[in-house]
Amino acid sequence: MMTPQQVAEKVARIMWPDDHAVRGLGMEIVAVGPGTATLRMSVRQDMVNGHGNCHGAFIFAVADSTFAYVCNSDNHRAVARGVDINFLAPAHGGDILTASGARRQQGERSGIYDIEVTNQQGTLVALFRGRSVRVKGHFFDPA
Amino acid sequence: MMTPQQVAEKVARIMWPDDHAVRGLGMEIVAVGPGTATLRMSVRQDMVNGHGNCHGAFIFAVADSTFAYVCNSDNHRAVARGVDINFLAPAHGGDILTASGARRQQGERSGIYDIEVTNQQGTLVALFRGRSVRVKGHFFDPA
Amino acid sequence: MMTPQQVAEKVARIMWPDDHAVRGLGMEIVAVGPGTATLRMSVRQDMVNGHGNCHGAFIFAVADSTFAYVCNSDNHRAVARGVDINFLAPAHGGDILTASGARRQQGERSGIYDIEVTNQQGTLVALFRGRSVRVKGHFFDPA
Amino acid sequence: MMTPQQVAEKVARIMWPDDHAVRGLGMEIVAVGPGTATLRMSVRQDMVNGHGNCHGAFIFAVADSTFAYVCNSDNHRAVARGVDINFLAPAHGGDILTASGARRQQGERSGIYDIEVTNQQGTLVALFRGRSVRVKGHFFDPA
């Protein structure tokens, strides 16, 4: 019998090789747990405009990827249905963004997850509230 | 004296060379106008996971970039404060996503803009409602 | 065989007697149709604060009630899962608020509905985007 | 020199007599503090439909009122710009709803506040994320 922590880690190990886009953006998994996940991403030069400001989509990307690891961490396959995101401070080329997520509520099908993105100085860059819905299936046989 | 259409086109011509990230994602501007914009992006192989599904952040990206062109189209500099996005259908490698945006309301500082993303079959992929706030400055001297 | 318009009207006639709270707030149904509804509410003195400004919850109320009539108009029972609302102009005692709603997307279970609230001068007071989910059951036998 | 706790309490004492609508809905203030507030409301018979389910607007109302007390607690006048709310469990006639709010981020003008609504059994009824904007003025002379 696996612990919830072991389940979360096993799910992450199964998800990761499939996440080409996440790895292509240079993200790394800092930690996963039952209902939690932390990912990190450096803001590369191809993510910024001419004034050095990071495009909001890449701030979204690190939050959304973290959301995926959190909302799947119990081995029920789930997908994003929607997101409310607030951009609170700009990110710049060279910044290291850390996204930390936690489950707020998980019903039989729908779930709400909060992810916050901070930079290397601890400044809050974005608050992201994700809405997930479970689909059929598991990452591995839960028996 | 420029028409609103000429203003929108001139703003877009000024924004575009600076939008390294937008061009790096392979987007193109289909049309801009006063309070409207349409952008297009093909879903590349580096945007999908191992099952061929596009990462939500790239669907967000084409909507968010369109939002930027719309909310700046009157030559008042504005930035995204937040977004509510609903993902309605998956996108896949090779899909061509079109994001069309329109102004819903623009106050003295804050604005609300609706962007919808469809694929090459006309299927609605995402509904994006952006919240902007004006910052100081213009793209060109409005006199 | 009923037309979609007849279905929407029949659903509304069944919902209305049950909607004690909606009637208690003094709302009236202006029109319903397949995927559309319009409701009206006067801002009463018990809805405003000492400066005559309407509490946001009553602006929400007329939009949310309209949402209910729209998302149930096809005789599939549905409930609100969530809402993103933007308040764009204040409402005052004596104002007559009109909320008009339309379906943006309805999947097998989930739906997205846009409701806008205007006052008697046509000023946009609020933009409301509702997320619904269907539950089991119908208002009347659809056979 | 007042402490932040004293400021929050003084603001609440000034706001309360003006909040006719809040008092008309039978709410009471449980606690206020710097960047926090808790309000309570019983679900009355005029808030429910024929099946005893509370109209979502009244769940919204207790959260939105709490939001107002939180986002004004530092004696800068602020108003709601928008809200993302997720309804997680129904409320019924006779339920006692408690809304607890906390500041997530307050910039020079804009702020983000999280309010959660629970019932008397501790079940999470709604998650509410409010967006505020400061307007000119104070509740009392801050000198």
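The chains carry the letters A, B, C and D, assigned in the order they are written, with residues numbered from 1 in each.
Rule of thumb we're sticking to: contacts are C-beta pairs under 8 Å (C-beta built on N, C-alpha and C of every residue); 3 or more make two chains touch, one makes a residue touch a chain.
Predicted model, so just to flag it, every value in this text is computed and none were measured.
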Set of chains whose contacts include both chain D and chain A: B, C
Most distant chain from chain B by Cα centroid: D
Chain pair with the higher count of C-beta pairs in contact (B-C, A-C): B-C
Gap in Å, rounded to a whole number, between the CA centres of chain D and chain C: 23
Inter-chain centre distance, chain A versus chain C - centres from mean C-alpha coordinates, in Å: 34
Separation of mean Cα positions, chain C and chain B [Å, integer]: 30
Overlap residues in chain B, where contacts from two or more other chains coincide: 81-82, 84, 86, 131
Residues of chain B defined as touching chain A within the complex: 17-22, 24-25, 45-51, 54-58, 60-61, 64-65, 79-87
Residues of chain D that touch chain A when the two form their complex: 84, 86, 88, 104-105, 107, 112, 124, 127, 129, 131
Contact set on chain D toward chain B in their complex: 81-82, 84, 110, 131, 133
